[in-house]
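Worksheet: one structure, shown below.
Order as written gives the chain letters A, B, C and D; numbering starts at 1 within each chain.
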Amino acid sequence: MNKSKSITTNQIDKPQSNCGIVGIYGHPQASVMAYYMLHSLQHRGQEAAGITTFFKDNNKWKYASHRKDGLVLNVFEDQKIFTEKLIGNMAIGHNRYAIIGNSTDANIQPFNMCYGNGNISLSHNGCLYNPKSLQKELESKGAIFTSTSDSELFLHLIAHSKKKTQVEQILEALTIAKGAYSLAILTEEGLVAARDPNGIRPLSLGKLVFKDENNKEQIAYVVASETCAFDMIGAKEIRSIKHNELIVIDDETLNTGEVKSYNILPKTPIAHHCIFEYIYFARPDSRVFGHNVDKARRKIGKNLAAEHPAHPTKDGKKVTVISIPDSGNTSAIGYARTNHELNEIDTVFEIGLIRSHYVGRTFIQPGQDNREFKVKSKFNTVKGVIEDRNIVIVDDSIVRGTTSKSLIKLIRNANPAKLQMRIASPPVVSPCYYGMDFPTKEELIANHFNTEEEIGKELGLDGLHYLSLNKLLESVPRDEGIDYCTACFTDSY
Amino acid sequence: MNKSKSITTNQIDKPQSNCGIVGIYGHPQASVMAYYMLHSLQHRGQEAAGITTFFKDNNKWKYASHRKDGLVLNVFEDQKIFTEKLIGNMAIGHNRYAIIGNSTDANIQPFNMCYGNGNISLSHNGCLYNPKSLQKELESKGAIFTSTSDSELFLHLIAHSKKKTQVEQILEALTIAKGAYSLAILTEEGLVAARDPNGIRPLSLGKLVFKDENNKEQIAYVVASETCAFDMIGAKEIRSIKHNELIVIDDETLNTGEVKSYNILPKTPIAHHCIFEYIYFARPDSRVFGHNVDKARRKIGKNLAAEHPAHPTKDGKKVTVISIPDSGNTSAIGYARTNHELNEIDTVFEIGLIRSHYVGRTFIQPGQDNREFKVKSKFNTVKGVIEDRNIVIVDDSIVRGTTSKSLIKLIRNANPAKLQMRIASPPVVSPCYYGMDFPTKEELIANHFNTEEEIGKELGLDGLHYLSLNKLLESVPRDEGIDYCTACFTDSY
Amino acid sequence: MNKSKSITTNQIDKPQSNCGIVGIYGHPQASVMAYYMLHSLQHRGQEAAGITTFFKDNNKWKYASHRKDGLVLNVFEDQKIFTEKLIGNMAIGHNRYAIIGNSTDANIQPFNMCYGNGNISLSHNGCLYNPKSLQKELESKGAIFTSTSDSELFLHLIAHSKKKTQVEQILEALTIAKGAYSLAILTEEGLVAARDPNGIRPLSLGKLVFKDENNKEQIAYVVASETCAFDMIGAKEIRSIKHNELIVIDDETLNTGEVKSYNILPKTPIAHHCIFEYIYFARPDSRVFGHNVDKARRKIGKNLAAEHPAHPTKDGKKVTVISIPDSGNTSAIGYARTNHELNEIDTVFEIGLIRSHYVGRTFIQPGQDNREFKVKSKFNTVKGVIEDRNIVIVDDSIVRGTTSKSLIKLIRNANPAKLQMRIASPPVVSPCYYGMDFPTKEELIANHFNTEEEIGKELGLDGLHYLSLNKLLESVPRDEGIDYCTACFTDSY
Amino acid sequence: MNKSKSITTNQIDKPQSNCGIVGIYGHPQASVMAYYMLHSLQHRGQEAAGITTFFKDNNKWKYASHRKDGLVLNVFEDQKIFTEKLIGNMAIGHNRYAIIGNSTDANIQPFNMCYGNGNISLSHNGCLYNPKSLQKELESKGAIFTSTSDSELFLHLIAHSKKKTQVEQILEALTIAKGAYSLAILTEEGLVAARDPNGIRPLSLGKLVFKDENNKEQIAYVVASETCAFDMIGAKEIRSIKHNELIVIDDETLNTGEVKSYNILPKTPIAHHCIFEYIYFARPDSRVFGHNVDKARRKIGKNLAAEHPAHPTKDGKKVTVISIPDSGNTSAIGYARTNHELNEIDTVFEIGLIRSHYVGRTFIQPGQDNREFKVKSKFNTVKGVIEDRNIVIVDDSIVRGTTSKSLIKLIRNANPAKLQMRIASPPVVSPCYYGMDFPTKEELIANHFNTEEEIGKELGLDGLHYLSLNKLLESVPRDEGIDYCTACFTDSY
């Protein structure tokens, strides 16, 4: 354990990273459904997980909560947690992504509170712009902070609101908290879900038809960061929650099928969806922002081939495209096909890297090159595919470049005749201020070199090309009133 | 797991139980010392344990905290917790006692907060009288409650104080929080310790002489619920912290040897020490409230014999005194000796019950008498001591009477000629409102019968006598300005 | 836990399943190298793992062994196992595959013994034909059996040999033990490795160049079921160990580079390599039997397309090939390309199923369809790829058909226009008697239907074709003296 | 972990230590009963535990076994082990005591085997004299040894016997295996129990009356090292199994109430019971060898006072006797009373040391005095009892003297006026060759000094006396044909 890692920093000074959030209303086993949904969003956060339910006890609202370090399957491995603790027909859940320097049990969500107006529990994906000044202001009013997460600010803002209902209090709080947030909130008035006015993080609404104990069909409503969570429990997506929208699901919704919808700001601005969800973060079998991730990713692959074709070697070796599994798979297939068909260059897609399914903490010998070893314990090359071939690797992005370098070294060991790379996004030049866990500018490899050629050389490649920002924007879905946040590629926010 | 047990009750509606608290200032391995002290206070709380340290990082105060369910040895079994996480030269710790219906991770102390005036961490033993009204008032000011423990109220009271320094804020908070509290608090100004104006729970001050890395003698200051915690690390008791006293230990203290002392209320009332600390709760090798526990317990035994002698049987069998180990041991020896010497009745003390050292969760067969089995897995009789003998059992107290009944049945199986019991305290007729975990009035066996004889019959005894309240009060130390809380015997608070 | 599963059957009555074995000689950290190799062979057995080392203590040979249930990373998670326990410069290891009804700690390999001629430790992949008669014969000589694994027979055969050296004893034992075996054996004379006369299971020999503490290059020799184990530690394959061959690696080998080689039977029969290693079992990045697995698998895909092309739908929807990840990937790519190029049918390969990386034991609700749920928690469909498309699924094989059925149901939910399947091997009609864990004949779906069409209908498909045995045999490498065991497809052994 | 500790020594070169064994026949929950009995014998071995049951499956005998490192409660914490695995109406169990240098999973008993005549499972307490020569002889016949425990020899001897029945084979084996053994053996013919011809280790026979599912009274038969195991399950002792006796309990026994009894050697020699069972090993609430342990221990205390009285100090301080809990308790009470009554010296018994109930592995700081710390974490002094008093400590024995030294130092810190010690046994001068885990002669403190005075001085005492061998022998029960093994005090075997 690294010393700085285990220390609790007691000021909110790091953006919260990407996470997965879910919510469900109207199901007798709400916590079990939340658990399944969280499990399918595991890729959005592996550090910790939690579920909170609300239920009535003697006509008074109570909550039950279970939160712990680890993967969803481990956090909830005792099935009694569901039957004896997490009772109630509404639940929210959260998968937490690890951030160096910010790891404390007190940060595991959902955050639960009892305050003047009852109980509230909150799951947040995103991060706020102005956490320090907000915290300072709230502290001046007597607020105490027990976590180091900016998500705790929402609770205090709600508790300090003078509005009457919990939903009104939340709406008021959201006009104060500037930044990126997708939220699932349990209140005594129902399940609340919201996306910030810029709509940076995704959140979808769905419904689940199930049979109750009398074998009568019932409907429960669900929200989740990605629709693969709905697939897991057999729910259907209704729509994406809109940016600047707050919805409320309550017993009325169950009766009428109508979800209450509110605007957070009176005037809805242009949305700025995080384009990285399409590039890397979301699962390809998900829909986010109302669109198929896979479709965008294939189009990215095609545009990458159109913009940066790969050619046979001088001695006529045809192009062999391999991907870095699994994030590069779809773009790689799109790239290979377009290079073959559109560019009319003899091209095949092959599986050149095998990814191990048994990755975990491995014992590392003292003196060993740690990163290289980790890459080796995760990937191995298919020699017959690579040896003496004209290889083009397709990957989603390059951030620090350190893992890429180790991977390229590994592939080099399989003796390709030529080794190039194509990246399904532009160079990353700026950290993300809206919730993705990017390193500082200094750590980004693109800030250390002037040209693709130089970066390629540094990484040990015979050629490297990034997709241009224009072509990237051409590849992703365009709805009216929707733009993309591309600040990590442009450094302009 | 019982359903009601695992549910988080989100209103503060149960008195907090007895716990153990420790603090240390001025030791380079403060967290390790706190750990040793908590280990020796394990008898005061077995549900959970935690330690928080303060340290400076880049000239800013930070805290590190580790809190978990389980025994001290288990909670801190990874030694890296001390070397990599719990750094700093001041630390506080807490052992938590299990309370039905109140078990949630969010309740494990120390409670840490960051607020307008910096960081504070708090360990509390005791409970407040007016938690609900205090909570309501604080909530009306925007306070949010994340635990169900009344101890959280201290944090909010401190954060809402307009005073300048942290120590002043704590002092102000303590004038508002009525009830029983012994506190160890880490502040950015030093280690604070306090006992409520009635001085219900104990807290002692000590010092530890140790050698630093240059082999130079240094002094650290320590506080703990009982002095057995000092013995564990080789510290010496200086004195008991006084009721209505708040002390501050800081770098100045290290230099001058002077501990700053403040009155909480301007006028110090008569103290009301919890008499149960002498009867049962504290370890006999400890000093609490400035006195040896063992000495009081022996005197109790003597007074018990003087008040309720045991006699030979009609056929002349001499008296054999046995104790319920370990809490009855000292009184039993005192009883036997006095009965022999003062009462001039032939009496011997014998070990009639063996207590197993390997107690834990045992697998219980369905249909088995659970309580009886638990008693059996914890105790066994020494047949040769009991069979055909005139047995007098000495125990510290009877609360519900259920465990006593099972134990008496077990002893009956060893065929004593006669089987009586003497109790080293009066009948318990009222729950404790100051922090001891007593059941409701309805559950107390003494409230179901009119006479000692009836209770004795119910328990399966040939005779039962309790020590009278007067004799109990005669047995415990009397200092000026010190009285005892005996509400559980009198029902008058 | 299933009752039959947890019972120790104390007769050897089930074939031992496929497993992974490794060995190393001449490395100061032999056990660490064995651990890395076992980790990369994790796919061959997930139930249990073990490593044994030999070392000299006071000039006497001793062994150290660590064996436990679980994945390699879990079994060896305490790094002290390597530094304090598994010392010595030679080691063998074993990954165990779970077999219902045969699960007992006593079966975890390596098996270690001390006998008249010293110490021996043995790792076995395969199974014997005649375990019961062999056991009976050995028992009549006083042998006692402490496991229920046929691998224990080797130990007794060795111990009952009257030959002088350990290697001679092993050679004699192997002429008696008929069946399938690849073995890695630690002896006091060196590391022994062998493959049975029919060469059913694979085993490769490699060498590892490393620098010793004086930075001088040294060579260690390694053996492993598949070469991906060599890749993991940077070792190079020398060659496959031949069928009917026993090799010895000792200090002389380290000096001269010469590996001693012996024939087990005087006359080497035709080999019968297990063809399923190429179809499914081995990792595609491995070499087994001296050949690339990936190459065979691609050729299988091509032959499958040549034999069973897929056509556009009547309304002209082109063919979309998807694979069941990961075992069907390579064949699916080969199939798609050949269908496009050779068959001149418009065909694309797409990723239609996403496999979760976070699979583990999931909490299943009572009443839930277990198998369906497991499939769902492991796979999800990419709707955009499947919806309204002309889908051809490629998978390696169908055994029981139960998982296939659930998967096909899952894919059907994504609404393909047409849904066919191609299987990269013939119908499985017979259990394996040489070590693969196949169910009984009754459980094999192919034994319940007469035609591909009927099976396809049962599975919910619009079309199903298996690769013919001839075409399969055309696809795999052909060396002189090498044939294949295809008994599971032909029922003739 | 110490290097030598974790290495598997693969020659039987250390005597097996003291352990606890149990057996039961005729109970539908035999394994649960065995578990409870093992739990109450936990003091006889804390390293590992195991239970084996026999049951019929399809008319064939099978066994099920569960064995693991750790305390009984931990080894069997999953209750499914009993209901799904350890089925059958006969069971045996074993508690293993840790021996340095001999710790390997393969040594955890019961040892189970399948051999020519069926299945056998064996639990052994004791050790053999001639393990090496026996092993050599058996190895020459092809036997293989998989553990490093001499107990494995029994299995091989049984398997090599040419006798017809399992009981006959066991009887024959026992005439060959010389040494100390109490055995509980499961056979297909019934439960076998035996004590060696010298009867060194204890073993008792009991019966348990219970109600079956039809509420009809049934009888099961039990054996255990000590009768406290019977108390735990409500069984009654019938008698001690005799030395040189082998008994068989089978279905006939259930019907007739008759236990079959055989002599091992034709002529029964004089028994030599291990006298240390009375001094230290057995629980005081147990009967061993047919007698109450407690009674012997009290008599020892009395004789100790008669032989070595304690006197007031010159300034008239009366004698205060304290014991080292818990093993010294009974003798200390006997000592105090006799010193007071018989010697007519003013003497009181007090509790001067408190033993912690929460002992486990404690984190030790580097540089700390390990032993001293361990003593401190286990014991604390009652200052009021010791300070300025004339203290006599009573302990059962001194072996190495190292722990005594630390304890005496601890007591010295409480400032007694005078500090003497009385030991309830003679000086230990020789290791035990019959199963007790004693150190070598060089490590025994008594071999380094000539007089009690010198030893006392070394330990930091103002006086030390041991009980003489004669007086010890006077204190223990004397039956006809029974003598005691006192070799550890006399060095003559």
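Assume contacts are C-beta pairs under 8 Å (C-beta built on N, C-alpha and C of every residue); 3 or more make two chains touch, one makes a residue touch a chain.
Keep in mind that this is a model prediction, so the values were computed, not measured.
Q: From the C-alpha centres, identify the chain that is farthest from chain D.
A: A
Q: Find the geometric centre of each of chain B and chain C from their Cα atoms only, then give the gap between the two centres in Å, rounded to an integer.
A: Averaging C-alpha atoms per chain gives centres 60 Å apart.
Q: Centroid from C-alpha atoms only, then distance chain B to chain D, rounded to Å. What do you get?
A: 36
Q: List the centre-to-centre spacing of chain A and chain B in whole Å, with centres computed as mean CA coordinates.
A: Taking the average C-alpha coordinate of chain A and of chain B, the gap between them is 48 Å.
Q: Mark out which residues of chain B touch at least two other chains, giving numbers and ranges.
A: Answer for chain B, listing residues that touch two or more other chains: there are none.
Q: Could you draw the chains as nodes, link the ones that touch, and say if you get a line, ring, star, complete or other?
A: ring
Q: Could you list each pair of chains that touch one another?
A: Result of the pairwise touch check is A-B, A-C, B-D, C-D.
Q: Quick check: in the complex, which residue numbers of chain C touch chain D?
A: Against chain D, the touching part of chain C is residues 1-3, 6-11, 57, 60-65, 67, 80, 84-85, 87, 104-106, 111-116, 119, 136, 139-146, 148, 155-156, 159-160.
Q: For chain B, which residues count as touching chain D in their complex?
A: 29, 32, 35-36, 39-40, 42-43, 46, 71-74, 76-77, 79, 82, 228, 231-232, 283-285, 287, 292, 294-295, 326, 329-330, 333, 337, 348-351, 354-363, 365, 376-377, 380-385
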